[in-house]
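Chain naming follows the written order as A, B, C and D, and within any one chain the residues start at number 1.
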């Protein structure tokens, strides 16, 4: 019976940011070892990364297609692949591993088009493979607790949503030409690599997922104003949304709002109560029942539901941050991969990670916002 | 030379809420005495209120038309009238006092239609009379300070606005029929008395004014979703806005968002910095320059600009609340009335109160939101 | 039957700060009229103040002894005297009015010595006169609510207290000689006028009273470190306290702690729960039951106890500030004076204002702290 | 040249809390591998832990003396030992590894007596070995930033300190006999195992170290009230402190203050400014210059000093929590061990971890507080 797993990584050479966070996230539970990789198109960076992690040089590959085939063919091949490349490689890389029978966890956005996303979903389902998409914020215990509270009906039926994800780091690009978007990773300002949207795609999609994860609401349509401020892609967006249950809401995302570092805030209003979660202080949750005082719920306390508490790693008041959110996405994903490998039945907790279906919802949302933005904020179905 | 003034009040009998707040606001500076009134259509309430304040019974009137004529004709007639009736009487009452040469300070909304509002503006201007409209939040020192900071260019050109005014007190009306809107003053749920909008009219208009006061931005158009939840008037609204300078923003107002008492929050984002003001803790202002730490500015400190500090009454850390905001609206208005009476020139500080022109902007905003709401959030020019 | 009252004021000429706040506080309820005064030792300031308020010149007195006798002798004499002089005149002025049968409301500190304070208490009680002392913070609704919650046992038996009152405004005096304590009103740095303590006397005494008011705990002894930083009186103090029930706590007061405007914060810990109140945002109260989420209680909501709600003047979320706290001290005091005048029985709400007994407790506390400070923080009985 | 290290652990079997946090902290930088251990006195737990981590069974030892000798004798022996046992084994275990030439990182408290602590300091210095003590909070970037700001003189000379560490989790033990201190790990309530103090020893010592780390101030004496509430060891303490520079302050620590999860808060007041850090939201720092607005400094921004930024792992607004604080203690410690192994010179950043000298200061502080508490809060030299 398998107790630990092997994984390979595409992207994430030593200097890269998000790839390293994935490796640390996986390391928390000590259940999977980095065994193969295709870390960079630059040969030296690729090789050095493999060496740093003590990999067999034969398993440090020059391209992901070769890696997928080779690892899929090995008796001791990797159990899952982690894809942390720039956006434009997500689709092809994910497809390659799925086709070779390897589970996938991919950074968001899943891919560029609805068609691609649907194909990946179908492929994973046909092959019986697990496909995680790293909407990391839903790894937070108190996001799970928000979902638990809403599911058990404490805030009643949802009637309004107000969510935002505000950052300031691109404000210098407003109205600038020439060397614009300097602080943005070069690939992010290139529509060929980043996709049809910058701000909505990168952070608006986190609003979409976090709200969907907490509430279970399905988006029906959006009316979006996107601001490019002279740049090739959007830097700011204000979006009216309508859910299938008839409720409305507003999503705001921006990379030019001074004073905000990484301000994802979700506020969910129901007929009986409300919930607010603030990513920058993720260990607490504000819960109010109508007519009652607002309560500050702390991760780690006895009143937290079992399904959320299962992911809590430290006592209350000992802050868990973003690395732990990543570790929790992997906690569930690794459980599921292990149990699948061992033929054990999967529980809800094992499956509590965002999937390709969530990735598809994200692609649909971004597409609808971009189309609405191009049509002066006309309503567009999601 | 006149040092003190006489005023009369329409509405505001002893039990009424907002009328009493006006009287206390006026009392702060000890410069105007209540001298006449038409406090209620109910004779007894009218008489008792007059008695409580020791008024000459001859100056407690049964209707405002009679009052306006009589006071306008007296040598020792009132200098200004305070109108604190339900909304549907604002227009006629204001008009009556203006026509009799009496300055007016009227509760918001100024009136129901753009035509009425334009008429009142014209009338006041023709008669050379002062006309204040009680958008009380702009009486707060730190709202004035936000304006001063924006005016001197500290946050650069404004590129995005995010403002909201959220309350919970009508949440029980969602989806209820019969004895609905129970917590709402009976006149507020009657379109004949309250006007074409409840939530946008009552509190959305405060967002509109507070942002306009702080920024000087002119609204160009709005795209608004209004939710009635089965009631005769709106209880919730999410509104995309576009300003004449091309910037966008979002205004959210609601009386069904649990956890919010009286949550007016304005956040103004510019190319160089940002400002946030939170009405429930009005003595501070959050100011951020790009790339710098957020600063918490306190009323009463030496760094506050002269134009705002002129309205500060207590040392820093000694909270000034809503009564002081009212007192500050009157501080400017009374200065202006006194100087006008004495033939002195008016300064900017004397005129630092919202006027009928601001009231007109409010009427236009509410009308545009209601029209947009009726057309599925289509853009409507303001 | 008397419905309104007449009052006289000692101190508080037009430019003076705290005297004006008293007059506005009294004006809130419209039940007492300023009728006599001895506003300043400077004849012109005294006269001008009387004129501004339209007083009969015969009732603007050159000294408080004359005023007390004259008003006590008049048929239409003042019902109560408000004493807002520098500290060193409190005792003599209060005594004069009591001896002439006039109720008194005096600024804190009540006086300089325990003997004087006891004499004033005895005198008021012998004469059957009301004697209020303006510990204004206990006029806040949420301070009253804290008391109500503690009284009904929600936080159990009190086991620890942590309270502080921090300001920054004298930090420039640290270690300076010559023109020191420049920002301090000149009388405050003169032990002859201010008394034996500056910081503990001025603001430490507010900690003592606010905690006593909320909890009903009696102080047994203190161990205090007072820091003068080269000045004639203390600017900073850290104080261990022991209550008669055996619980301990710590009080910190300072006028040299940068970043604090007027930071009175009281935190009361019991066997079943805890309460925190922060003066700079006085409309809310943090309440926690053990093992449960912290609750944010808002003034104006239905869950606020009747005894506190009786003093609430605005709906929740509409901030009440320091002027309202003053108005609430007077609300109770005026009720009591009126009922006494009319021979009506006094209720607990009528008597819900700090009295000379509270002033005596304050004098004892300051004396004990100063003595402990002089003895290297040895324990001194209160 | 060595690039990676081997380590062994004493204590920290699979179920144990803090031992696991150490392993994750070490894993962040991928530079040291768990190679040997003596994880538990229970044979099965010891063996299972070794197996989980794939250790050579020959290097899973039944006692730490054997382990120290065996590892010290091996060519490929461990480079350093991590000691995460209950408190009473710290001294002997640390001594054993030092005597066998192995660097040590030990949980706090270092040991029980000043004599033992001095011996460990001397031993490490004589042998030229590194000795870290895990005061984990000084691993936080913004604690380092507070130190940098204070060092460069921004807040002037320190004149007052107010620090606290409050928790609620033992409140049920107040006044209970029998099955008391149920929530406390059994060893913590046994003076034989935990030492002479529970609350001051466990969390008060974190106040002492964090303030010392930030400020460089040396404690001169303390006057402490310790409350046992009927239990064998203290649960609550209020402590007056005096530093060698003459400044005073107050430290409060408690495990019975309802509403506080893990509330370490340090506030440092100087002649020019002040700093506040709150452990539960560790990524920000409040900085105020006198007369200026309070600034909210965010980890990850350009204004953070180089010495603090060197430890930052995520962009601003992406929360780093307690695991990262541990990782940062190890980041410096591992750098130092590696450079020492390679004969490279050590920089200040390499040595930026708490040492046995800091552990000695902690032992002295706890001893002084306990002695003062036993003498009714008399001053005791540290």
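Following the convention adopted for this analysis, contacts are C-beta pairs under 8 Å (C-beta built on N, C-alpha and C of every residue); 3 or more make two chains touch, one makes a residue touch a chain.
Since this is a predicted model, take the numbers as computed values, not measurements.
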If you tally C-beta contacts across B-C and across B-D, the winner is B-C
Separation of the C-alpha centres, chain C versus chain D, in whole Å, is 44
Here the gap between chain B and chain C, centre to centre from mean Cα coordinates and rounded to Å, is 34
The distance between the C-alpha centres of chain B and chain D, rounded to whole Å, is 56
Residues of chain A that touch two or more other chains sit at 291, 294, 298, 301
Contact graph of the chains (line, ring, star, complete, other): complete
Counting only contacts in the complex, chain D reaches chain A at residues 21, 23-24, 27-28, 30, 52-53, 167, 169, 260-263, 279-283, 298, 300-301, 314-324
So, in the complex, the side of chain C touching chain A is made of residues 287, 291-298, 301-303
Chain B residues touching chain A in their complex are 155, 159-160, 162, 164, 166, 168, 171-172, 174-175, 223, 225, 227, 229, 236, 238, 240, 242, 248-250, 252, 254, 256-259, 267, 269-274, 276, 286, 288-291, 294, 376-377, 379
